[in-house]
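Lettered A, B and C in written order, each chain numbered from 1.
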């Protein structure tokens, strides 16, 4: 009996250290997401999607039996996020930086990525700058930028909306709000559309009360009202504007973040019908098995349907895994960059016949934009309306636009 | 009275902030301590106004931010060769602004003073957002270069910051122990006595205000070089709140209290942020405990609420006799 | 600008002002009577909305939800006052500790709310009786906004009556002038302070619930209202109820017309107004006392 025990102990004594040497390596990704306040929802959704993606990716397997893992920290503010990003690199030995919802934080962390030569896959923040005038080769983005949304929007306004002349814009008073308007106007000008701006309104971000803006807009009487808000601001604005009859008096146009699912869910029956919106991912389009499966899987994991943020996070993990498979390891950064450039990846948001890919020159993911109008649809409770009547805009028509990038360099500098 | 005991805190200071370089626990920790030491200067400068003179300014982020932005924008415009000079210019800019703000706010007392300082800081924050062509708005400014000899690893910049901060802290320490410092202490405890002594409360408060703003500006300029990026958040009210927090947690009645407070707050943020997304709750609980049980801060623990340390007893005698 | 635009902006400014007033009135009441600057006031605004939301999930009745939310916010307020705030009354540098303690409560309550209800946006629908709008010829006013204006005015009238015409009200006003003296006269001052605190936080909750059908229910909503309501209180005068109303009206209308005339400055206008008032009349527009000056 004693010998059996000794033997067992010996076996373990040999096997345990051996497994440590030959065991699976864990490749770490350091992610930063807003987990508190208004953006907290997006952080939470991204967290769920990341877990989903990790399960798929690790099940499919990585070179050398390695496993992919993600550390998520709340990013709080740019200074704090930068110190966490640096910690990820020096202490946690992360091979990739990931995520980030706020463009300001993204801009700060991309410097860390550049300085330390660590690949940073952005998954939510949409400031065009990062794949345009502020491009640096270690940065990739797995969700679309605001230019792609607004350029598609310009096409929509040219082709789908008849007899309009007067246009007004309301957006939160910071870079995101201003950039969308700049991009839409540039797009309209490029397409040769003639328009007259009858008002520009700049409420502060998270403004609780839009009443005075709404009455001013009603008086200005534009044909088209463009809105650049996101999240709770969209919900507040629509709720407050509805009793004034705003949606009957003008065409409402909100194509970067208006059609986000969390806004649909929060508005429920209060959502006006027939307004023009889009989002970076739709739960009900394309109506493909892949998208349906993705949405259902998310629902099972989180108990609710996903907002667009999840799709960017999901895509980002898949991209990284694919790159590691191509290169055979996670250490050769230059090879990984080459692998990511031009990489094609089938994502839930791809309509049949199209595969998303990373543009090699700008490292921006190129996807199809779908703009639609709100129709009654209660298949995704608690939302009572979803988008429908989609008009599709092919990816390469929208990006890259080197003409726009040059314009940005002139206006915003490198 | 220059007892050897008075220099004990300095010894601890040197042991910790220089010792960290000898131990060398890795770039992440050195970066962390760099943040601590720069924020310590901010908190100690603030405490000249708060703990010593008894003025609760809720807008000190303004001076910190001005220092950071002037330094950052000058470096972006002309390069980092004169980095130290730019920090001084930034601090001077903060001091200049503080003259105007001090003139206006110091006419008020108590909560009114606090509110007006908040209003000015928020106005500046709003303007930094709005003047985005100039300041980069909410995108902030990135890629602020360091001077050639400070690049290549955070250790060099840490040493640089350590030297600058220590010089500034020494100046502030001397000020606190000077007759001017005693006057400020008296203003906090018994302003009428000061007037009877023939001194002007308002003028002395203004002096303290400007000195405090200058060194807060130095801290801001130093921070701009640490990560090479600045953001309007540096002027936002939570940054002002942090100054109050650091001074209180560490002990507003002592000189080095804010240094300890800076270490605790920064350390907490980092550690708590690593393990839970509910960091607001954690920090809130810590603040609550400090306010309820340790109002004199960590360095004031041996003197429970109500008792005063020797220095305060002395000034009290002078002020109230 | 034609008369139609003027009326439209004036009425919308009024509606904005009323909601601001409802939040600020609680804040100014607490400062005036209990002498506490309740930086956490926004958290009671928040708690009110979440309590109501929870109740409506179970019973789907706005009015019952409103009652529960208001009472709930009031109770939490009283608990916080008794267990925590009382311990720092009379301290050296009490002002700083009030700021810190109430700041701690913002942090704690925000996370507690997020923990219990999650980070997604929640909705509280308008009661059916208040949907729809009134057409005033040149402009439309939603019925719900009129309701808010009416509630605001009722609150003002009730408070005025209580504080000036009733004995209890007079005691409350007396405590704001001299806590100690009143205590020596035999009045249970701590009880008054707790009750007033509870009433004020209940009002904060009321403001939140009334605003919720127009806005979004989300953690973080509390922090957003606190700075604006502090500006209103400062302009009107700390502790001055009518001042809060005047301050709110000024801010509401300045913003409303500022959007038309100086759209780029709309976001910094409130701070500019606050600074002007603090420089010209720091005790606030309606305060008679020469407080706060040297």
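Basically, a contact is a pair of C-beta atoms (placed from the backbone, for glycine too) under 8 Å apart; a residue touches a chain by one contact, two chains touch by 3 or more.
Bear in mind that the values here come from a model prediction, so they are computed numbers and not experimental data.
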{"item": "Interface with more contacting C-beta pairs, comparing A-C to A-B", "value": "A-C"}
{"item": "Far-end chain from chain B, centres as C-alpha averages", "value": "A"}
{"item": "Geometric centre distance via CA averages, chain C-chain B, whole Å", "value": "32"}
{"item": "Intercentroid distance (Cα basis), chain B paired with chain A, Å", "value": "38"}
{"item": "Chain C: positions in contact with at least two other chains", "value": "110-111, 114, 264, 267"}
{"item": "Sites on chain B at which at least two other chains make contact", "value": "129-130, 280"}
{"item": "Residues of chain A whose C-beta touches two or more other chains", "value": "35-36, 43, 173"}
{"item": "Interface residues, chain B side, partner chain A - complex", "value": "26-28, 31-32, 35, 129-130, 132, 137-140, 142-143, 223, 227-229, 231, 233-234, 269-270, 273-274, 277, 279-280"}
{"item": "Complex contact set, residues of chain C against chain A", "value": "4-5, 8-9, 11-13, 15-16, 19, 110-111, 114, 118-123, 125, 131-133, 139-140, 142-145, 211, 213-216, 218-221, 223-225, 252, 255-256, 259-260, 263-264, 266-267"}
{"item": "Interfacial residue positions of chain B with respect to chain C in the complex", "value": "50, 54, 56, 58, 104, 107-116, 118-120, 122-123, 126-127, 129-130, 201-202, 237, 241, 244-245, 248, 252, 278, 280-281, 283-285, 287-288, 290-292, 295, 305"}
{"item": "In the complex with chain B, residue positions of chain C that touch it", "value": "31, 37, 84, 87-88, 91, 93, 95-97, 99-101, 103-108, 110-112, 114-115, 227, 230-231, 234, 238, 264-265, 267-268, 271-272, 274-275, 278-279, 282-283, 291-294"}
{"item": "Partner chain B, residues of chain A touching it in the complex", "value": "35-36, 43, 73-74, 76-80, 82-84, 86-87, 90-91, 103-104, 107-108, 110-111, 127, 129, 173-175, 178"}
